[in-house]
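Just below is one structure, and these are the notes that go with it.
Letters are used for the chains, namely A, B, C, D, E and F, taken in the order the chains are written, and counting of residues starts over at 1 for each.
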């Protein structure tokens, strides 16, 4: 279900964009206020709450011990789920994840997985028998646009905040829990195309008139680890190159924000 | 889906209640005819059919051998399910249990569980490895009001009737099956509030105009083991005390009925 | 959801049938063109595509190693599923198998199971511990009538085409995969009753006006191994005998077609 | 047809439960046993215990399932969790979906559905205790429940199975005969029109055996038909008596 | 109560977390914290962290669930996957279905539902961190969120539990007290009318203990009621200040 | 990019299946192969076998999903249980839900949806045999099936992937290259307008590698476009011939 804006609001928004302006006065490639709080949820192995303007997302990690997949007997298992609960928006409904939640979970999951964020080989306890299972859960409380970046930053912060609960599972002595082995810092930057204008971090009203969306996830070496075009519009090739170029500076800044908040440098 | 009565019927019922009368001439704290037949279902480990007036409920128990929960390695597992099948009422629909069936199952389950009816520690076969799983299934065939008490009596009778099928699972020699270890006899008494009048064992028409419901489950020592207020109305504190006081005599009688029917005293 | 024909088409079809004629000029007990292609799907252990006129059905088999059922510790497990995907007909919907798909799967499954087509005792690897699980999946791409026979022939051909993947599961050395042990060749013949006329292999339009359906599955000894009456009409006893008599010649021919296509005689 | 274990099913010309080859298990039917349902019937058949209930004709939901010219007969066959030795998980499985479909189809033929366009007649069959032949029990009880509900019908449907054990065609398979036998052939039979509205077979039968089995089943259905009618007569006479008593009291 | 292990819960007349028998854990409530929802409240109660949001009155879907004379209050209680030590699988389980029903029923009494026929007032309770007593947290936060949404109400509902540990009646069970205690008695209380709109009990209480526990809980609900009202006052005063600032700027 | 095992994917400047770095696997497309569907296309691409079918424009159910000003293009991507080495459990999983969404979005751009308000155009993609690149196969086949159904379109969508193996950018990853490679970049391309309607990437690419891969993919899409058009021409010429034959016969 797409949310609908009145004709007048739409025209106003289109006019603004055409003049290179935004509703809240931001620049085209500027984020809203970013607030990241890591470690707020005790029962989670790691957690982060990200506020991107009024968009409010919790990410929590839980770990369990289980069997590896037969084709990767020496690596841990990583699984990401997103819930777009009806608290967050009048358009969300109760029930199993729909296609929006599924796309969100899969896109940010690919950023983590393909970006080798977690060193899953270090999550093997006993080859072929016992590995760590890492659950990443995205819980959206307030949806005011750009869930992809809020969730992406939240996951990165929550992973950096995660302690492997080895003692609880009798895999280590008490107080010998250790930080989740992190290899890379990956964050996404999500661009929205409205008519011919491209802008970063669209808020809800901008999303409602957006033609297409492009998420680019980069690691600390400026390597692209995941991309996804969304919505029913198109991008031309040149614009995608431009987005990648812009993403380098943008991701560099958000990466710093995430790492600073968690205060963990030794990755 | 709440069933609807005509304005006239409602007014008539309200008038009756106001005059301290009931449709079928019963007293306010009097049950309809109670018929309990235990042991009618051969494939079940234990069973009971309870007719409370025209309300007709079957309860059957089945047992299996399985793993205990990690946090209670030395106790058996007890699980209660209720099906409000569409045979029983025009308002019930096929499909997974709805909120009414779930509430029914959970309330009577708590009576059994919190009342320590079954000595689950005796259902441990091998600590941490193998315990008895006890399934209690409530099957409502005809719904004419007050399922809580019909199901509650039925469960108590079915449990008293249950033989642990040790020989079938090769946990004992043939003919060495033994009665389920029972510690306490718990039965519920369910009160209904209509305007300011409180009455026991409401039949369907009375339920339809009821404001609130209160179930009180007592054991043979007159201890309260479970309570539940239902429906969208309220009780005042004094009324709840009054219900508890009344429940003592009421439950004492139904306890006797249940135990007499099953003919098992050595609990 | 039953598909609906116009009054005129219906009347025309009824008139044809009354005159002992069919839309495409076939005889009453004549099949449309039958095309069977076995072994087209590489990842499957065995496969067959059956075209019965324009009806287009794929059957694929997959095998896995698993535990036997407790009551048959020395026999493999066989499971059949059918998907009537919405590609095949405007009346099919996405979602779990409905009652039509369930009936189709169960009827052809019984032909295989009750006809002892597969020697499941030879699918035991280690009694009580490890047996072969055989999955048969029916995938209907184009539905132009008589799915039962198309699926039945397809299953028989796919089973004859099936190689037990022993080497992939480390149950044998490489290149020591062996053909699935087949004991009997079973095929169905499905008759349709329209008014008082009985005809074989009805195409879609004929199915739409059919009163009743009768599937008879025979093995190579002309023994009946499965039957099923379908639809809301009736058969009289004499007609069922007549169908069985006719089925002998009919099944004999389709059996030959299936065996010839797969080119496997040593069953 | 479950298994091929060597279990002796026939001894001295009798079956393990002492029955003759063409002998039914005992059948008891009681009509009108539930208050809420519009019609109902309780049946005991050997060790089977089955309840059938009917609601309707009533408005069909969902609407797109309505038929403009007739009522739909919609049966739901369900086994209670405790009705079988291994607990049955609640909810429909593939077997019960198929049986529900077959019972629906078998009953629709005898109901004057054209009287109630856009309606549904719901038939619920609950198996409380299962011991071979529950679909025949369900269909037999369901048609009594339909009649008890006052639904206009051309006839009742009687249902029973025959089969083969140790090479011998026998009537009405019991539990062990069902588990270890060689064929099972349940039918639904409409006595007045001499028609088959349900017919299934699995196992292994020659043409001759098929005919021997069918002859047996059809005869048995005629017997069952009498039991069904008797159950309805008894219900009505009880009602009449009750009415008379009421009149006398007045 | 979960288990009977011998865990010491009372020492020197104090509870393991240092509280007196009739002492609540610390409670903080903030109203109006979400942008999209029509009303919201965030609550911390001991180690519990709970968010409540309200949407509506809005059109009820599906239509057949509409009531012609009043609005339906429909609560959904949900635990985040990471809110408990063992990951909670997403989606409703039997426990959350029951709690959702109880919260719906408890709130409907205080809402003037007759003002909004055919509508639904959706109440969402999300448990972000759970530590005993989440249903009381949810109900307490939900009624603040309803008020924040401007829904006309006769009163707020305050909720809290008392229980029994080591034979002693105590207020507001903590996590270990809940796991190893002997009884739990959560209530929902409407201060103005002095009525109980939620009442559950499980464990083991004598009649006297019941009364002792109830007396404690009702007193505590009155305290909680003040915290709820304070949260709403603070929200309004912030809004008023903001409006004033706006006016000054103009 | 499933695993990092050391598998040799390039030897003597060629890929393990003998292809050059910028060489497509063999592609065959046949339009109009199903009777019931309004349009269809069967595609073989390397070892992939994919069927696409189109129904519509037809009335959208459920109604609340209708759009008042245009048709909705609703694709469903599904893998047959036997299409992969480890049996795929029937029903949608998260992967197929995402791919269905992406194919829907990619196709809607080229369909003149505004011609059919309140309608749905259903596109079904069935993967019969999977061997890397099935989403590109599905999107390519689907746009041929749309054209075969006579749906008015501004252009066809051609789709293909490029990626990286052993540090080398290559076109159209095969199965082992997909499993053991370093990056995968599938695109959907609209030749006439030179636009991207599908774009995904996962793995690891530098900015330069991205451009090298995209250049390759876009060129390949132009090739595929010709194969698509040829398939449609062949279908029409067959139909024309059939019509001519009919005329001659008359």
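Note that a residue touches a chain if its C-beta (ideal position, glycine included) is under 8 Å from a C-beta of that chain, and two chains touch if they have at least 3 such contacts.
Since the model is a prediction, treat every value here as computed from it, not as a measurement.
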Joint neighbours of subunit D and subunit B, given as chain labels: none
Fewest touching-chain hops separating subunit A from subunit F: 1
Chains in simultaneous contact with subunit D and subunit F: C
Centroid comparison with subunit A (C-alpha atoms), farthest chain: D
Most distant chain from subunit E by Cα centroid: C
Gap in Å, rounded to a whole number, between the CA centres of subunit E and subunit A: 31
Whole-Å gap separating subunit C and subunit E, where each centre is the average of the chain's CA atoms: 58
Gap in Å, rounded to a whole number, between the CA centres of subunit E and subunit B: 28
Residues within subunit C bordering two or more other chains: 97
Graph class of chain-chain contacts, one of line, ring, star, complete, other: ring
Ring topology as an ordered chain list, initiated at subunit C and continued via subunit F: C, F, A, E, B, D
Footprint of subunit F on subunit A - complex, ascending: 1, 71-72, 97, 99, 102-103, 105-106, 110, 113-115, 214, 222-237, 240-241, 244-245
In the complex, subunit D residues that touch subunit B: 34-37, 47, 49, 51, 53, 55, 58, 76, 78, 80-87, 90-92, 122, 124, 126, 128-130
Residue ranges of subunit E in contact with subunit B within the complex: 1-3, 64-65, 94-95, 97-98, 100-101, 105, 108-109, 185, 190, 193-207, 210-211, 214, 218
Subunit C residues touching subunit F - in the complex, by the definition given at the top: 40-44, 47, 54, 56, 58, 60-62, 64, 81, 83, 85-90, 94, 96-97, 135, 137, 139, 141-144
